[in-house]
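Before anything else, here is the set of structures, which you'll find just below.
Next, two complexes with subunit A in common: one pairs it with subunit B, the other with subunit C.
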Partner chain A sequence: MNTENHKVDYVKKEIPSKIKKIGFVLTVIGLLFIILAYISNPVRSGFNNIILLMFLSSIGVGSLFLVALEYLAGSVWSTPFRRISEFMSATLIILPIVALPAYFYLHDLFHWTHVESLDELLQAKAGYLNIEFFSIRTIAFFAIWIVFFLFLIRNSFKQDKTFEQNLTKRNIKISAVFMPFFIFTVTFFSIDWIMSLEPHWFSTIFGVYYFSGTVLAALAILTLIVVPLNEKGYLVKGLVKDHYYSLGALMFAFTNFWAYIAFSQYLLIWYANLPEETFWFLQRWEGGWIYLSIGLILVRFLIPYIGLLSQPSKMNPKRLIKMSAWILFAHFFDLFWLIMPTYGKGEFVFGWIELGFPVFAAGVLIIIFTYFAGRFNLVPSGDPKLKRAIDFRL
Partner chain B sequence: MLDDKILFGYTGLFNSPNEIIRAAEKVSDAGYKKYDVNTPYPLHGMNSAMKLPPSKLGYAALIFGLSGMLAALAIMYWVAVIDYPLIIGGKPFFAFPAFVPVIFEVTVLSASIATVLTMISIFFKFPNISHPLHDTDYMKAVSSDKYGICIQADDAIFNETEVKNLLEKLNAHEIKPIYYDDNEIKHKNTVFEPRFLILLLFVALITAGATYFAMNKLLYAVPFNWMETQEKLNVQESSVFFSDGFGMRNPVDGTVSRGNLPYQFNGNPEAASTYLKNPLFPDDKNISIGKAKYDTYCSPCHGYFGEGNSRMRGQFPNPPTLHSEKVRNWKDGSIYHVIVDGQNIMSSYASQLTYQERWAVVLYIRVLQRSLNAMESDLE
Partner chain C sequence: MSTIDFTRELPVIEGRPSLREIDDIIAKPLESKPDIKYYIALSITLTMLLIGAVALGFSFYYGTGLWGNNNPVGWGFPIVNFVFWVGIGHAGTLISAILFLLRQRWRNGIARFAEGMTIFAVITAGIFPLIHVGRPWLPLYLIPHPNQHSIWVNFTSPLLWDVFAVSTYFTVSFIFWYVGLIPDLATLRDRTKNRIKKIIYSVTSLGWRHSNRHWQHYEMVYLILAGFATPLVLSVHTIVSFDFAVSIMPGWHTTIFPPYFVAGAVFSGFAMVQNVLIFIRKIFNYEHIITIDTLERMNKIILLTGSLVGYAYAMEFFIAWYSGVQAEQFAFLNRAFGPYAWAYWIMVTCNVVFPQLFWLRRIRRYIPVMFVIAVFVNVGMWFERFVITVTSLSRDYLPASWAYYSPTLTDGAILLGSFGLFFTCLLLFTKTLPVVSIAEVKAVVEGSQPSHGDH
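And then the complex of A and B:
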């Protein structure tokens, strides 16, 4: 097989060790804060732990989704960026550790675990919402994600050295198998860990809601890493604004998608006006939460929408970095809005306890990135599509 | 060289997308501004090769999208809040979430329509539908399998020999000059001429008149009159047949319709008490009919158990209890009489209850009375 035609000159540059140190410091600070938080208020920390878990899961499984999507769609422009998504999907490996502390406080977090005092409705749901099945599901989700992660990523890394085109074909097949698993696991994972915090409440669109945030978070962290790397010349030569444009356009599209789904969920519940559904939104309309609810529209939709609306803004590296960082913040904001009102019960809660978790998340993500960036190429240099990817123009 | 013709520009053809992109880059590098590339399908990378600025069309979409949004909001606000406020589903008049889908659709619709119209009218200069490149071999070639470039003569740095040399250097085939067609130059747009506009007006009037005539006159000509007039008397119609001119007639005196025997004791309770006997047997079926009818028609004032505790919240005076000594000693006929004829402020219930049902209600009232004043023999 002639592999010379699609070879691309790529010389690896090492990531400065400063970044690794920053990641390490952030992780340690975050971890200290988390331990202090658990000592002072374990239940509140448990809720924060769920936010952390859902945030890191978003980045992990969302990045894996982007990798699989590229293989399935045969998209060309994203090939030079795929390796970063592959790195970030390694977040999946630490998810069980992140879930563990929350698991110890299951009785305080999830009302449905109190079998002795369940009302009629929850008794009817007990066939799905019981600790044994919940644990089995969570372990299964983690296992499925990690297995697909290992298969996909191993093939891709192997290709750097062997230049085998067959590996791409194999990964396309793996991706096709992964997709249905992805849909079901993400849907039920979000139902289990967020929706069941209020076991009486239900929204049939909730899985899609979490999915939209997941893809946004994965795209945002990809953009946040890729744009500075390319500007400083860590990736291959020849990547131009057309490549950025595609990243910006996808973020813009999924911002709209999120707004569409979030509004659909709200509209149906508002229209039907059934007490068993509306209480969830009413809870987020009391006390300080009302500002968060209104702020969500601004933070999650309007600001990224306006920021990425025009064509030049999708090609502007500085704008892309700002917007992707903002979208990551907005995802955390969204998860906070989804999860914390269940703890607050009408009263707004925010304090030092909440701070440790995002700091820890940032540190861990930096460590994961630098760990993999130190060991593997920053672009899939053996991928047969890479040459065409560099020539991609709008 | 034909001197009497006016040059539009020079065209050249290429065989592959890569060649045309390279050619576009070279032509734009040479400083030409007025040139265009024609390809059978859109080529990736052509925008940057031709150094095209971002399209201005987006502003039209933005402006018209926003106006559509505001228009939709204003119309719905005017209709639902100001002109015809209706409570729908217990929502406020200004039910913003319900408006959002409509606002969204109208925004998208007006933005897309306006974008197409702007493109046609401003960028394509409608109603001008002619172009010098039409009907040339060049256009035929680039519509099938060739990639062409055309440098226009009105470019600031256009020079025939230089342009020819440049195209030759780029290895273009069939480098040809394109001239304005004589007819095209002399051609004037007749669209806005008064004669044409008057013609349009005539066509519009004739079309509208013919449509009106066809829809309102022809369609109702006999026999296709949609059975609007029929050889029979409709209600409320006059008639020349009868001497009083009325089409509708009263029934003949003394007519009795089936199942509706006239009541003969109006205003005469004593006679009713004496002569009327309950024809129904007090079995489960009749009593349950009586209960159903009593609960529907009698209970609002008399109460479910006949003690006169009205559910009407004092809008009518409460009727006296049905358990009084007087009513208990009444004969069935008296109760029947009250149902048919009314009593005091109670009006007649003859139109609500049939003959059978009235007697069934009488049976049920007897049951109620017995329930509060049971006899000792009932215990046996």
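And then the complex of A and C:
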């Protein structure tokens, strides 16, 4: 197999340094606020820290999932965009640092850590919910993700220079091995860090719920970066609206999928009306939380649904940018709704303490992107599928 | 493996058959007299159907006492069979609608047949809730209509939602199937020399002339129908899962049921489609249309959905323990180690263990083994419904009322009859309508795609 027949003309354009500066400014501002927040109210900041952790994990592991999915499904339209997901999956590397502050306040965040005063039900769960096992699991999840990240991304970067088809084949195999790990790590990561905040509550669908949001976040950040890049000519020539279509369609599909999962969970618990399950939703129905609960339907489902319903809107660059930014906001909103009522206990909380965390997330993501964009090609220029991808039409 | 060249797309259809050759080979079964093998096959399936019909007749005459259903286990075979057949009916619309929206062109060779299977499976499934009522003259009241007895339906019951979901699904699947058939019926109309056939094809092809305008409208309708059918595929088995999950029966009330049931349905549906296609491609010489690559892709979906089902089993077990609810914990231990442990382990082996062999490329492409695995999948998925329905009911909250459920000969005969009905319909289908879409296959022959060499 010769390598000549799939070479594509790609000249790298540097990302303006202005973007990098914005990233640094946002990170510093965010960090300052976070430090202030920790000084003024460490417990509340700890809860916010978990939101931040879950958000960045979604971006990191979700992007890695998209990369693996492309290899496994053999999809072609997404090949010119894959590199951006690869960059964003580097978020995985900083997750241990993000988790650390929350880890220091474990005792204040997770009721099940109070071994001395647990009721009978929680004592029965102590085999799973104890600090040692919890820590081992969290470290294992991070380690698994980072190992797969390194393997997959290294091969892909290498291909830029060598044009070897074998690397694609190798990555397909790595991706296949990654998938079972992915689904179980994501599930138990969400059970550990979100569901166990309310240790009496349980729902078998919870992992799927977090998975749906994770994929949405990864798709949204990919769209948010790829569309402006391509409009300004940073990627290869020849990428047109047809390539955007699937980004819009997938965001639309996963918005529906999220709604389906969220509704299934709600309906089944509402209908059965068992007190051991309903209290979790009741907590989100008291105080100011009721507005957030109803708002979630609007923010996370109806607005993206309407915004991406028609076929032209799935290909319109402006609409895609707006909707992907909105979906990222909605993911934060969703995580806030999942996590903060445990802190609020019937009382709605929102204030300046909450603000630093999303600003920090935005800054860090920009830095990660610009760091990698400065060192590597913005498209997988050695990928054997790239030429086919440019020829792709709906 | 080293032969795969990622710079080029794998052809969906092998060789480069001319359009005429495609017409000829797909229309051949409709234009030739059935041979002896066909009659043998038909007599077998009709016998099965007849056995089922007789068993059903006895059930109507003597009542449902002929069945194994007892007091705690009010939902025996009829509900198990209903869920099983509805599940089989999921692959068709998934292949034709969802894979269409995902632009999976390899679906074109198998979509028509899978859709046909969907329709027959839903028809078969529909029989069971009606007979399970025990009074077959009453189900009319399931449709809310004003009547002298002032009987009104219970809109809060998922069993009623089932009536709406399944009938809507059937209607849309049928329309989708028929719309796809129109261009092919026109092709057959133009080919046939038989006067009666000509009249039938002329009427059913609705004046199709293969004109550009017709195709434009057709593509639009097909896309919209695919969009409608997609949520329907998911909703049907979701609502079937609600039948169980809204009640507070241990082992039934678990929030993962909706996506888990949908994955399971697609799993069993694909296995059934794969099984039947293996015969069809051999008997009708469609090996270049329904290629090994297509079968391999189907096996990958079987592996994916089978693993999702395995994931759901694992989550159910884990959360049953984690929840600390004693009844829930008991229900799952009872499944695995109670009187129905044999059924449970059949289910786990067939659904979770065997499909994992599809990780190996050689097995995904080796017909005898993939056939056997898919048969196991269907056995396993039938047992899954059996395990869910029967184990929970037979040992519910009140130990005094616990009872073991064993099906009777009549139950078995009705199950056999359902297979008879399904396969009889399939056999008739193969001789009356093109089992592969002529128009869609032509669209994926190499060289038929427009090229974009302008940049």
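We adopt the following convention: the second predicted complex is superposed on the first by the 393 of 394 C-alpha atoms of A that agree within 3 Å, B and C clash if a C-alpha of one lies under 4 Å from a C-alpha of the other, contacts with A are read in each partner's own complex, and residues count from 1 in each chain.
The rule is short, and it goes like this: a contact is a pair of C-beta atoms (placed from the backbone, for glycine too) under 8 Å apart; a residue touches a chain by one contact, two chains touch by 3 or more.
Source: prediction; values computed, not measured.
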Subunit C versus subunit B on the shared subunit A, clash or fit after superposition: clash
First, second, both or neither for A:L106, with subunit B first and subunit C second: neither
Touching partner for A:S310 - first (subunit B), second (subunit C), both, neither: first
Which superposed partner A:L121 touches (first subunit B, second subunit C, both, neither): second
Contacts of A:I29 with subunit B and subunit C, given as first, second, both or neither: neither
Which of subunit B and subunit C A:V8 touches, first, second, both or neither: neither
Subunit B versus subunit C as contact partner of A:A176, first or second or both or neither: second
Subunit A residues touched - subunit C or subunit B, whichever exceeds: C
Contacts of A:I131 with subunit B and subunit C, given as first, second, both or neither: neither
Stretch of subunit C, among 41-49, 113-121, 203-211 or 419-427, that runs into subunit B once the two complexes are superposed: 203-211
Footprint overlap on subunit A, where subunit B in one structure and subunit C in the other make contact: 267, 271, 391, 393-394
Residue numbers on subunit C that touch subunit A, as the complex places them: 1, 4-9, 101, 103, 231, 234, 238, 242, 245-248, 253-259, 307, 311-312, 315-316, 319, 322-325, 359, 450-453, 455
Sites on subunit A touched by subunit C in the complex: 1, 5-6, 76, 121, 124-125, 128, 165, 168-169, 176, 180, 183-184, 187, 202-208, 237-238, 249, 256, 260-261, 264-265, 267-269, 271-272, 274, 276, 383-385, 387-388, 390-391, 393-394
Subunit B-touching residues of subunit A, taken from the complex the two chains share: 240, 242, 263, 266-267, 270-271, 273, 310-312, 391-394
Subunit A-touching residues of subunit B, taken from the complex the two chains share: 44-45, 47-48, 54, 58, 89-90, 97-98, 100-101
